[in-house]
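Written out below as structure tokens is the structure these notes cover.
Chain naming follows the written order as A, B and C, and within any one chain the residues start at number 1.
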């Protein structure tokens, strides 16, 4: 069975992505930037939940930590935007790892509950530490400017970037780096260990996989990814406030990875498109009860593609390959 | 007269075909055994008869075609299946397990009599009737599984590897009871077993299957004397 | 001292409501390994239907039982029509369907009935009841009574009837249940129906206290999670007891610790969830899951 030509497809998509910002205006561009940000966040969650089987209903918390870390650094200490990204990532890596340790004791439903409680608590905690976080009002930021050499009229190649375009490219670059990194990690021994732990933790342990270490580290890495996404969003939205990071955000992330496809890197991207654009479409279809339409979308999607978009495409590819090879594809 | 007649049975899990055209029958009032190594398709055969796997071919029970019928309906027709691994309700009491065995029966009037009968065959279940089934030993759970099947007053009893994980003494006891039930209650038995020695002692007729096909069909006594079979399946 | 008793009784009343919803959650969880996130919204919607009937002039208790019947049928239909297509799908897929259901019910309720709060009547007299030196709200006592009756009914049903036994069996071991001739799909549907019914009772008992609005049950659902976590997701009785404890605890904390307002009360519930999960994940009465290797 021929392997799916991932690399050519990815490169083609990348080419398209590089050209898009010059064809779109402000708001549309912002939406696409937001899609990429979500994709990074969703990949983080997918690594933990899809590949490693640890259900988290609280990833909004790490997104918030990343966003606020970046915001506070930019606002108080005038740290350049780009520098806040790795710092936020590192911070979330540590926080996630620390959270992963007590989480080792919790399975399935109980882990979901614990992370759910965490997600609910986030807005309260953010409002409580007013001195740092600016309380209910949050922190207003100014959008990061592109570096001087790209912002001037006489920029190289005539490429003068607006702040929106600059943010788009930064996000795209971070996305590519993080996605490639994840792909490499997950394709090798690490990925196999993660999946082994998910599918049969006891057997994995018996075969010498250090469950505790892997699970905690996975939590950390997952949090780091989502934290970086949060930091990017601080720049893109130029505003952070506690109520943005409520439990709905965490639930939206979960929706994103299930719809996109668990245990799939591409799934993170599909899911990101869904959670960014479908609520808007729902609004267009019905002003009166848009969320009802969204709910219907969710349910119908799950009927048609129970394993998400990525799962559906995978199945389609297999059937196609079998048909071409002459084996009758059975139901 | 054959109570159960199976012709050209094929079965698959998803894309993987496991049975490639089986033919066998269970005589009314008889004990038939299906033998074979691991992976030969024995458990799948029973599950196919029970409607738990996708099949093609003809399955006839008491003169009527039952292929494609759902498991729940087959139970009502009088087919009781004791699955591999017992399938007891571990968080319910012994008594509750037995009550569930009789769930499908139309006339539930004589439940007390059925309990008495079953406790007579398996006195240990009476002692433990208020205990949670999960606290019973492996042998006791196997007895409970058979007893539960009996509560249905089945015409055909399907036993899937009852000897699995049990001490030989316990297995002998259970087989002895199965023989008694077969004789006294006219319950036909289809026994799937890996333990060929004990199965051939119990059964009237035997089928040997290998990778989803019948390779030999003969009266049990004949197979017991057959050298080739002994070497292949009994190891001496 | 009187205040303490009052707060305890009041806490038991709300606790009974939390426990009822927690019971509904646990019933479905035990049968399907899925937490029905839409349980609260189903209860809210049932309460709105009751409101419609009351508004049309129907007497209270007729409405009450009619709502129970409608909720039962509604729960059953939802399971057969909406959940059934994904019942063999991965758990998270079913979770998303439940979330979809939650969102639909909330949105439709808001659309039909608007987001303006509406008063909902209590069947119990306005006048407080005096027992000894202490004054209790009649509704609180009534709510406790109704909760107890519903729970007693369920207990008897599951413990002593054949159908109840079959439902328990289907929840624990679907494949063996089929071998006993039990139609597992319909048992699940019945479970959803009963759970919806219990939720409707909870909704109708809480609405007089907090006023009816589409987001009424959201906070209560969280308390229900806390209750089920405390009591144990594998123990229906535990869920109810957990609810009572949470209700009383919440009231006492709210009364005696001054800086805990409504917002922080929720945090208290969350802290409770986290503490229980860290100390004993299976809850007070739950069984630790035993995995056979």
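By definition in this document, a residue touches a chain if its C-beta (ideal position, glycine included) is under 8 Å from a C-beta of that chain, and two chains touch if they have at least 3 such contacts.
These numbers come from a predicted model, not from an experiment.
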Farthest-lying chain, centroid of Cα atoms versus that of chain A: B
Most centrally placed chain - per-chain CA mean versus overall CA mean: C
Centroid distance [mean C-alpha coordinates] between chain C and chain A, Å: 34
Distance between chain centroids, defined by C-alpha means - chain B, chain C (Å): 43
Cα-centroid distance, chain A relative to chain B, in whole angstrom: 52
Residues of chain C touching chain B in the complex: 162, 165-166, 168-169, 172-173, 175-183
Chain C-touching residues of chain B, taken from the complex the two chains share: 50, 52, 71-72, 75-76, 80-81, 83, 87-92, 96, 99-101, 103-104, 148, 152
Parts of chain C lying in touch with chain A, wherever the complex brings them together: 29, 33, 35, 82, 85-86, 89-90, 92-97, 99-104, 106-108, 110-111, 222, 225, 229, 233, 263-264, 266-267, 270, 273-274, 277-278, 281, 289, 291, 293
Chain A - residues contacting chain C, complex: 49, 55, 102, 105-107, 109-110, 112-114, 116-118, 120-121, 124, 202, 251, 254-255, 258-259, 262, 288-292, 294-299, 301-303, 306-307
